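Below: a set of structures, written as structure tokens.
What follows is a pair of complexes built around chain A, which joins chain B in one and chain C in the other.
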Partner chain A sequence: MTYGSAGAAATIPVWVALSATGGAHAEAAQALQAEVEQALPGRIDWRVAHWSSFTRAAPEPQWVVAIGTGAQRGMQNLFARDTTPPPLLSILVPRLAFERMADPARLRAGSLSAVFLDQPPWRQLELIRLALPNVRKVGMLVGAESKGHLPALEKAAKERGFELAAAAVEADGLFEALQAVLPNADVLLALPDPAVFNSQTAANILTAAYRRRVPLLGFSPAYVKAGALLALYSTPAQVGVRGGESLRQALAGKALPAPQWPREFVVAVNHDVARSLGFALDESLIGQQLRQKERP
Partner chain B sequence: MKMSLRTRMLLSALLPTTLVAVLLTTVFLLRAIDDLEQGLQTRGTAISRQMAGAAEFGIFSGQRSALSVLTESALQIDPDVRGAAILDARGAVMALSGALNQSMWPAPARIDGARLRPDVLLFVEPVMRSSLPVDDIYGGTTAAAEVPQQLLGYVVVELSLRKVSSKSERLIAIGGLIALLGSVLGGWLAQRIARGMTNPLLEANEVVGRIGAGDLTARMATRSAGALHSLAAGINGMAERIGVTQDELRARVAEATADLRQAKDAAEHATIAKSHFLAAASHDLRQPLHALGLFVSALAQSQAARQEPELVAHIQSAVDALQNLLDAILDISRLDGGNVVPSIGCFPLSHVLDRLGQDLSLLAAQKGLRLKLRPTRFWVRSDEKIVERILLNLVGNALRYTRTGGVLVSCRSRRDVLVVEVWDTGAGIPEHAREGIFEEYVQLANPERDRAKGLGLGLAICRRLADLLHIPLGVRSRPGRGSVFWIELPVVPAGLPRDLPSAGSASSEGAVDPARITGTVLVVERDALVRAGMQQAIVSWGGRVLLAADREEALSRCRESDPPPDLTICNLRLPGRGSGIELAQELRREFEGMAVLLVSADVSDEAQNAARSAGFALLKQPVPAGRLRAALRHLLEVRV
Partner chain C sequence: MLSRRLFAVLSAPTLALLSSCAGAQEVSEKDYFDELPVVLSVSRLAQPLKDVPGAVTVIDREAIRRSGARDLTDLLRFVPGFVIGHINGANPIANYHGDFDALNRRLQVFVDGRSIYSSLLAGNVSHPMMGMVLDDIERIEVLRGSNSAAYGANAFSGVVNVVTRTATDVPRFSTSLALGEKGIADRSVRAAWGDERLAVRLTAARSGDSGFDDANDDKRVDQFHLRADLRPSAADDVMLTAGSVRHQWGATDMLRSENWRNVFVQGQWRHNVDADNDIRFNGSFDEEKFIDQIYHFTLLGVPRPYRADGTGRRLSLEAEHTTRILPDLRLVWGGQWRHEEIRSPDLFKEQTALTAELRRVFGNVEWRLGEKWIVNAGAMWEDHSVAGPHTAPRLSLNYHILPGHTLRFGSTQAYRMPTMFELRGNWRTPSLPGSLVLASGGIKPERLVANEIGYVGEFRQLGLTVDLRGFEESGSSIARYFGGYPNDVVNKDRYRKRGWETQLRWKPRPETQLLLNHTVLNIRAWATGDTHISDELSAPSHTSGLVWFESLPAGFEFGLFYLTYGAMTWGGKNDVLDTQPRVDLRLARRFKIGGTQAEAAVVTHSATGSYQEGDPGRYFPRRTFATLRLDF
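Moving on, here comes the complex of A and B:
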């Protein structure tokens, strides 16, 4: 999908590389484009495509937007040899994945930035406090990847008076990890880690948690549907809008902002689960309170 | 017929019924048993699937107690469950309830109702980790990757077929009973229907048979005929019509028969009348013919004959022919009238042959033919006179139709018959004419009807006489060479008692002097012409003659005469009182030793018998002159 150039010399060529055409990535791309076009209508020469269809033979872009982890890796590799590669804004990527791939030099130079897919630790903990005021102990299952979140989480927990109980999940040791965590947790906080949370494990984790009457806070709307009590996430459009704001800022001559969390988010509640566990939750109220906490 | 028809109808009704009953029952039974097993299969599959779903978390969490609860509950869900077990992914038993044939289990994999033992079905359901669709961009996987389903363990359920088997057995028993009942009911109905059909049919069969045998009163009972009512009515109607038609027919036949009988009676009546007329006419003709014969005889002895001998000879010949003709006609009419009754007796045939020789050797000699009669010693059983008559005719015929050569009479015995053959060397008889010659007035070589060659009545008379005696008469001939006429006579075996030959045939003595007689003869004859003729003839032969017209005259003549007459010729019928026989007896009493010769135109058996029983010879009128002379001579000689 390529937007034809306006022909005017003033147009700015921007590549939008998608990890997957359609779906969440396309939704984010559209939101981003809409956000930019709103401020600079017709000024941008958009070139939106799957990351693999971009080559160096094409005219050099002035900005590159990568949507998803795959697109970021592809774009970084495409311009890896360049001494001055075009600035890259990566959106809809998990924080840990971005940090693993990011060139610290480019980060420092301000030619690389990101809008993350996942939620900041404080927001998750604030949500727990708002939704489940009696909860003190927060359990977590961590795999090799999600281990990276622990320091930030522990810091935020300490500030808010939570006790964290994390169990590392070894191979075939999910039930043991659950057995270790659940007795010491009032809520189970799910962290995105395909090695721990996936469609194969989700049912047993949810079942085990339910048997212990431990509510689960998920990281996607699918978890609310699957039986989590709550989910906290940002929609691709919300991430795309935040990305559009960053790009607009850069186009306006300012530097790329530092990598940041999505500002907008959604709180989802499974009312059936809530009723079963004896909670009465109002997701819009909780969301509002959470936003007020962040932006008083 | 009875058995086969009923059996056939019964079979034709019973066979399909039984077949349908058995087939339906079999199909339903198979269906039902199949359903039972299918149901068990379905139940087993359902139970194992359900358990697999429920056991997932138990296996995942390793909660053996929870799994045991599950297996126990499976035992309670269904009484057919023998036992249930839950294995982990490696096949180790995590929970087990009931009695299971663990040693017989195959390698764990999905099994839906394999027959472990004849009475045990095995179900194995793998327990897979259930999947929740949570893989999205938030989970860290960009696209929902196809993760292979993870095996957690197995649920094993064993179901017992025992109850199903017993239910099947019960079903089979009930099915068999139903089929049997259906067949019995079908058979009973079929038999009823068959009886309703066959009974009227059999009755119809019997009635038709009786009608066929002539019993037209046979009827079917239409009330009991049931479905075949119209058939019964039809048969009855048919029988009735046949009866009516037959009665009509019978009446018509009777009518026609009566008509025919009437016509036959009329015809017979006419024939009898004709015969009577013929007999009467012949009788009346005889008297003058007799006289004529006597006159001619006298004429032949007279002076006139010496002057015209040829004329006299011609007259003689004409009179002879006339006499023969009259005799033949009279014979045939007597035979046809049925007045001749053969008197069967035993006699030596040689007597007959001897007389034939005497009578016919003169004729043969006159024609220059050789007549040879081969003697025989056989006795035969028949009517001697009739046999003689037949042979006389046959030999006479042979002589008549033979010009050169001769005639031979020979006899040969063949088993119990004697074949008498008359051979001649005549012209022979063509084959086509052989049957015709036995009819009246058929003469082969005499189309111009020359009387000297005979009258053509000889063989006709022979045939009638042979028929009368019930003996075969035949002919074989070679044209140009001659003919053989033959009769067959029953032989009397030697040694059996034989009747003596009847009287009247003893006159085989040779003639002394054929020309003359001596003595006085009284002629008692009503007819003056005959009287005169006889007188003339006797006188011409040298005798003395007294004449009388009736009894009184005869008596007075005898008394007047001295000596009394030697012989009396008396007609059987005399005017006035008394017959010729009575007069003869009276004369013989009065004049002892007087010979009597009776003559009569009436030569019926009755008359002959009467004469014979009285001991008198009877000559038939008209008497040939030669015969009369021979008789006179004979009687006179005996008397001497």
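Moving on, here comes the complex of A and C:
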């Protein structure tokens, strides 16, 4: 448990609840704090700790930041009985996880918001267009969880002239789904779903796709290391900075902004796989072009 | 239907596992931060065509499916530089730049990493090449030109690398049937099941026809193949294959019938040590049995049977390590040990088994010098227990002139080890005293020096790829049967083959695919003692081929295959063959019957009539057949 600046009366108490101390969660917390401190040095009385160590016995915070799914659940539960709980900003959460947990009333009231960890569908598709201009058909393996991404992806694909081919894994098993999707896909878009993409299945999916010369677009740096052609993701620090911006805005007296996607992102390329599949890709150039597309 | 039930039973635990965990399988940030094992490590990534130290033609699944081919030689007919011949309708032969005799022993053929050839029949690959079901093949990579530095002595003229489909890539159950003229009757069934940890494919097939006209060469091939892929951990994969093949012909023939049988098992284990290191172990065991029954007429005109039977066994163990030494320097090195044992009193006049051992050490580096240059250098040292040690080196430079345009310069030296028959053969017939072939054992390995210049161009906007290879192949100490009666096997001939070949692949629109081949080959041959026209025409002076695939509406597909040869001779005979252009046609329709994918096709081979392809007395007849394939 750490207390930041020893608070004078004017400081604003903010809790930063971590799903896990250390690692990605700590990295995001540090980036968030640094972003806020830069604008409001010394004004915040930070209390950064694992979510389970916060109790109602402690002085009530003005703002709560939850980092990760576990922290969001923990903080929601902690203030569940309050009629006016302190506003909660959840960051580093996958959109589907956030939406499953979020209380719609609090969302509407503007006392709950988020900075997601996943990438918006349009960004994924624009990346495919920039990096693999010949691709028309985007294949996906979806499970019960990642099915939730389909409506937004379908809309974004339609606007950009892509065809989507999704195969459900749980109904038929992984291999049947791969057989169904690979012949109809120019690229395979990986969507996080522990029932579909995990350390067990990644080897099978990557080898099957490679055998068919279908490149894979992953959602984490681990995928690029494992053998995906490309990955699009935001680092914990990038998500933390975006969270810091949201918090600053709220601290400035404005409302908590609506849930957002991370603004900054990384495009990573596995150059060995690119060479083998006959692609010449420059990740910094692609990243730059993608950013330009979003913020001309 | 049994296989479907089998699949359901076997995969039930997996499905149950998935659904029981469903509650716990909610996405969280953990999915984004979990580490993954390196799956496509450097050694599992294939070199792209522009970086390969040689000319490569890839025949993919789609091309195989649409080819109308019934065996591997049918597919090789459209690889530049390849020449197909027939001893008879049951025994097709394929070799790069021709140079046929009755046994095809200068080509290396792999199936899933296992070298297939007959130890007993002087290294012949023709019988083993019948032993595969085309519908099981994912891809065929043909390395045009000598490649002994990477693959050893058998890769004297070229390498055909067949990669079969895993259970995970095929439908659960498939069946196919072909029926048509000239007794064509091919059928196969295949079942596949499994999950992420173990996947198994089983195929059984029988194919046959009545061969050529005026030849007693009715053929039947029975085969059974198993492939199991295991993934005990993310860093390991294991492949097991096993099978049996029986290739027989002439069963209805009074004069001659042959029956070649082969059973094999193979295991391969690949282990990923880390991102830059992979190791691979491969072991295989082959057993073959050959029954050759010939009726010979004695001087009094009385037919008397005699046999040229034998058995062979081969055990091969191989280890290979792929490593990245520097970011731009990859090394593959390893060794192989092979033990061969053959027994044939009929062919060797030796009651006991003859054995030979081969030890090999090889290494190949791929060194990238900036973005423009790639150096591929390698060598293989082989030590044969009878023929002694030899080293085959290779050097190739690939220069990427512009993105999508690569020039290649290569030079290699290859040796072909003599086979046991060439070293120790002693073949007799009952009607004559003495031997027809009596090998003195003085034969040395054949030697080949090959230089090439190549170009690979990719014009993405046009959908066109161009492959051009200019070559000079100088063979010396080429083994020939010589002496008359008896024949010895001697290092007799020299040749120089010069020419160029090109392959254009053009996909002007998604529905159309065109493949255009052209080969020009000039052979100069020198034989000690006497010269034959046959040597200089042992392959056609030019070969042109065209393949046209067209996808039509309503699931229809059309294929046209056209091939024309220049003048050539066959098997050392001086007769110039009557090589007419060959045209094959295929019309197919793919449709669904409920959940079943069906494909019906009509194929005509040699639509314009019969022509000579191989032995001068034999004509390849026109034949039409219909096929039906169902994938459940």
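Assume the second predicted complex is superposed on the first by the 290 of 296 C-alpha atoms of A that agree within 3 Å, B and C clash if a C-alpha of one lies under 4 Å from a C-alpha of the other, contacts with A are read in each partner's own complex, and residues count from 1 in each chain.
Definition applied: a contact is a pair of C-beta atoms (placed from the backbone, for glycine too) under 8 Å apart; a residue touches a chain by one contact, two chains touch by 3 or more.
Being a predicted model, the structure only gives us computed values, none of them experimental.
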item: Joint occupancy of chain A by chain B and chain C, clash or fit; value: clash
item: Per-residue touch tally on chain A - higher for chain B or for chain C; value: C
item: Which superposed partner A:Leu117 touches (first chain B, second chain C, both, neither); value: both
item: Touched partner set for A:Pro194, first chain B, second chain C, both or neither; value: both
item: First (chain B), second (chain C), both or neither touched by A:Ala202; value: both
item: Touching partner for A:Tyr223 - first (chain B), second (chain C), both, neither; value: both
item: Touching partner for A:Ser19 - first (chain B), second (chain C), both, neither; value: both
item: Chain B versus chain C as contact partner of A:Ala144, first or second or both or neither; value: second
item: Clashing chain C stretch [against chain B; choices 60-68, 96-104, 204-212 or 222-230]; value: 222-230
item: Chain C-contacting residues of chain A that also contact chain B; value: 19, 24-25, 68-70, 92, 94, 97, 117-118, 145, 175, 192-194, 197-204, 206-208, 219-220, 222-223, 226-227, 233
item: Complex interface listing, chain B residues touching chain A; value: 56-57, 60-62, 129-144, 147, 149-150
item: In the complex, chain A residues that touch chain C; value: 19, 23-25, 68-70, 92-94, 96-97, 100, 117-118, 134, 143-146, 170, 173-176, 178-179, 192-195, 197-204, 206-208, 210-211, 219-220, 222-223, 225-227, 233, 270, 272-273, 275-278, 280
item: Chain B-touching residues of chain A, taken from the complex the two chains share; value: 19-20, 24-25, 68-70, 92, 94, 97, 117-118, 145, 175, 192-194, 197-204, 206-208, 218-220, 222-223, 226-227, 233, 236
item: Complex contacts: residues of chain C adjacent to chain A; value: 11, 14-15, 18-19, 21-22, 25-42, 44-51, 138, 166-172, 194-196, 199, 231, 234, 237, 275, 403, 458, 460
